[in-house]
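Presented below are the structures under discussion, each in the form of structure tokens.
Paired with chain B in one complex and with chain C in the other, chain A is shared by the two complexes that follow.
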Partner chain A sequence: MDFLYSYLVLAEIYVLLGLSTNLLVGIVGIFSVSQAAVFGVGAYIVAACTMSDTLSFIPALVLAAGCGVALNILITLPSLRVSGDYFVVTSFGIQLLATAIFTNWTDGTGGANGLPGIPPPDIFGLPVAETSEFLMLSTVALGLGCLCFWLAMRAPYGRLLRAIREDELAVAAAGKNVLFAKVSAAALAGAFAGSAGGLYGSFLSFVDPSSFDLDASILLLTMVVVGGARTLAGSVIGPFVLLALPQLLALVDIPTTIAAAARQSVYGLLLIAFMLFRPQGLAGEKL
Partner chain B sequence: MILLQLLINGIVTGCALGVVAISFSLIYSTTRIFHVAHAGVYTLAGYIAWSLSTRGVPSVLSLLGAVGVCAVVGALIQHQLYHRLERRRASHLVVLIASLGTLAVMQNLIAGIYTPNILQFHISWSQGTMRLGGVLLSYAQILTVLMGIAAYAGMMYFAHRTMLGKRIRAVASNPFLAEITRLEPKTVYVIVIAIASAIVALPGVLVPLDLGLQPYGGIGALLTATIAMIAGGVGSISGAFFLSVAIAVVQNLSLLVIPGEWSIGVTFFIFVIFMLFRPTGLFTAR
Partner chain C sequence: MSAYLEVSGLNKRFGGLQALNDTNFRIDQGRITCLVGPNGAGKTTIFNVITGFLKPDTGHVAFRGQSLDGHTPQQIVRRGIARTFQNLRLFTDLTARDNVLAAIAAQFGESPLGAIFRPFHTAREQARRTAEAMATLEHVGLADRAGEYVRNLSYGEQKLLCIARVLATGAELLLLDEPASGLSAGALDNVMTLLRRLQSDGKSLLVVEHNTRVVQRIADEVLFLHQGHLMAQGTAEAIVADPKLAEIYFGGAI
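Right after this comes the complex of A and B.
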């Protein structure tokens, strides 16, 4: 039962990340491989704050979301000003840089060994120690995230973002501020990714750089592509399917030394296959 | 003395990166595809050469084998993937995601078949060293510099003096006009990626002689090369090559004050400076 619960909790956390990636890649159409970096920053901030007792869980989570927003604004503002391909380079750069920081800044992040012993979250004095209790917490977070996403998409703002994806020039000609819309969408995506990171670290009570590297960003992209871009349903389905996949692969007899590589090549194949044969994913709209 | 050694190391790395940059620039300025999978082709070259030479194939033939395999792989990626996507009127984003998927497949297949760890790549002669004015250089490093200069000169000659080079530049500057004047952009794209993949195989084989083979190292090299291409001005062969050398020299000299694991930060810092103050690059074509 605990196994099922922890699968559900992780999937729900990844849905938050899926929403974040979908907002950037699906809705606005910005290619990003640095989502895992923001996710990691959120995780390390919550870990550092709650381990040193400077902040309790909820304020730390808010701080993580805030840092996600700030980081994404800082990344997107200079590069999107120029062109989309500059942002591709920037996001690869940020992702590699973040991995370097997570791995090498031993004092702050514990280096390659990671940070063990992150305390379980407490909500206004109420400890959340059991997996089943954490499931409630993550379900609430998931509900809030989906609500935010849904509200933003049905507002005029959501239509503006979709319009930018279709025809940026027309939107600019209609007198809308394209750069502002893109950067604010990235900021919202940063808030989702940062808070998802906080939940992730507190749930596993351990963070290490391998959860936040380029491969993790590719996994996030695969989740959105498989689930379906541009829809709420797509961002929810993707993580549940993709996180079940390693369990399926475990049934096939693959030596453990190449298990990670095999899993990652399956993600790559899924990306190619979906782009070729079903760009709308399982439940999305055409990318 | 250490300063001189770092300077020379920078030039050696820069020549290798420069070849990656001009090959990427050739693809990017012609097809407008941000060919991320190029990093996978670069990595593949080293492993092919390693497999051949450990089976007793002479080193020159191993190099040529790697070049040939990479050209075929590149042409296949264009013909089987990008061309199909283009036929379906896929957006730029879709092509980019497919390219990233290809990179993930290539890197991880390599890691699965060989090993995710660093493999040492030794050929008897590559271990020899030479002392030039107090600076220690291995034969592999000297060969890298010669290869870099030759590839740069060859590329300049090819792009400006040969019929095919002119055809490629015509397609790059206006694909629509090239289509109606029967320059066949579709064929040119396949040729371009095949040539670029063949060229990138050269540093792909020579760099591991010095540093060993690693399945996931390609993306870092490609990122630096892309930054050099942008800083040099997209479409400028000289810009891409010389900025690669300059960035690699700065990166190596920065080792005096900043530890090596942060060198990606130094490269990225250079990119941010260019992006803020000169986004079109130093030598803009046209």
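Right after this comes the complex of A and C.
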């Protein structure tokens, strides 16, 4: 049972990341490959605060979300000046830089060894130690995330962002503030990714740089592509499907030495297959 | 008294090309002014300068006696000047209604915080704006196509939608870049009737147009631009009757 629960918790945390990536990449069209970096910063912040007992879980999570907002605005700022393909390269660089910091700043992040012993969350004095209890916490977070995403996208704000993806100049000609819309979308995506990071670290009680590297960013993009770009349903389905995959692969009798490589290959093949044959994903719109 | 829109001493150079060369003109409120001239005369460049998309090297634009120099496109739309594009630039993945809605000024729920924390207010405002957008679509004759995606609209319908979108901004001076080009005879009549109707609604129009018959039918006044300079200003009859202008316009064919 615990096994199923932890799959659900992780999938729900990844849905928050999926929302973040879908908002930025799918809806606004800012092709960021550095969402895992923001995810990581959220995780390390909550880890550092709760381990040193400077903040309890909820304030630490709020801080992580806040830092996610600030960081994601910084990261996407270049997209306001460089467009399209060039931004992908910039974003790629940001992701590599973040991984380098996570790996080498041993005092802060524990370096490649990671940070073990992150205490379980504590909600107003109630410890959330069991996986089943954590499932409730992550389900609440998922619900809030989906609600925010849905409300924002059905509002004029969602339409504005879609219009920006199609033709920024025409949006400016209609008298709209394109800069504010893009920056606020980055902020919202950052809040999702930062808080997802905080939940992730507290749940696993251990974080290391491998969860927040380029592979993780690409996994997020794969989730959005497979689930479906631009829709709430797509952002939810993608993580559940892709995180089930390693479990399914575990049922197939392959040597553990190649299991990780096999998983990555399957992700890669899925990405290519969906792009070629079903660009709208399982429940989305064409990217 | 200051002019409604006044353009003075505009110069704009793109590399070796002098797109605007000391351009001066003023237009009056409530009229349809046509901007004509051969290809490369600087008509679209003028639009880009007036609407703040392009900064002139020198020169000024003033609207209702107030300078627009250094204003962003957004500020200029708020002042009451909005434009369409020659290549339409519609949002093709959105419906006709959403294209119009996207252009309506100052809507509640255009920031994420408003949308998330005041969902009911957003929804109510949205219903009101949707009614507004429908009225605008009705006005240009596209009400029955409101739910259609732009990519499924005919070219003529897309042209009308551009006008609906510029109306939605609430601007009083509309800059239309070739609203009638590429249209069939029937659609052309539609657009011309619509432009006249906008004028009687109190809008002022500055229209780039190539078709001399259209110009003769709709223009209260014509500005003739050549090599970025205003060559002549007058009624359509006077401009068409001038053999020198005809030679520039038609390249000596007549």
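For the reader, a short list of remarks on this structure follows.
Note that in this section the second predicted complex is superposed on the first by the 284 of 287 C-alpha atoms of A that agree within 3 Å, B and C clash if a C-alpha of one lies under 4 Å from a C-alpha of the other, contacts with A are read in each partner's own complex, and residues count from 1 in each chain.
The rule is short, and it goes like this: a contact is a pair of C-beta atoms (placed from the backbone, for glycine too) under 8 Å apart; a residue touches a chain by one contact, two chains touch by 3 or more.
All values derive from a computational prediction rather than experimental measurement.
After alignment on the shared chain A, the placement of chain B and chain C results in a side-by-side fit free of clashes. In the superposed model, A:I272 makes contact with chain B only, not with chain C.
Of the two partner chains, chain C is the only one that A:G175 touches; chain B does not reach it.
After overlaying the two complexes on the shared chain, residue contacts for A:L221 are found with chain B alone; chain C is out of touch. Shared-chain residue A:S195: touches no atom of chain B or chain C.
Touch criterion met: A:S79 reaches chain B, while chain C stays clear of it.
Looking at the shared chain after the overlay, A:T21 reaches neither chain B nor chain C.
A count of residues in chain A touched by chain B and by chain C gives the higher number to B. One geometric descriptor of the composite model is the angle centred on chain A: between the Cα centres of chain B and chain C it reads 80 degrees, in steps of 10. In the superposed model, A:S211 makes contact with neither chain B nor chain C.
Shortest separation of chain B and chain C in the overlay equals 10 Å (C-alpha atoms, whole Å).
Chain contact summary for the complex, chain A toward chain C: residues 148, 151-152, 154-160, 162-163, 166-167, 169-177, 180-181, 184-185, 187-188, 285. Of all the residues in chain B, the ones that touch chain A in their complex are 34, 81, 84-85, 90-98, 100-109, 111-112, 115-116, 215, 219-220, 223, 226-227, 230, 259, 261-262, 264-265, 267-268, 271-272, 275-276, 279.
Those residues of chain C that touch chain A in the shared complex are 51, 53, 73-74, 76-78, 82-83, 85, 89-94, 98, 101-103, 105, 107-112, 114-116, 119, 122, 126, 129, 165, 168-169. If you check the complex, the residues on chain A that touch chain B are 25, 29, 31, 33, 78-79, 81-82, 84-86, 88-90, 92-94, 96-97, 100, 103-104, 214-215, 218, 221, 225, 257-258, 260-262, 264-265, 267-272, 275-276, 279, 287.
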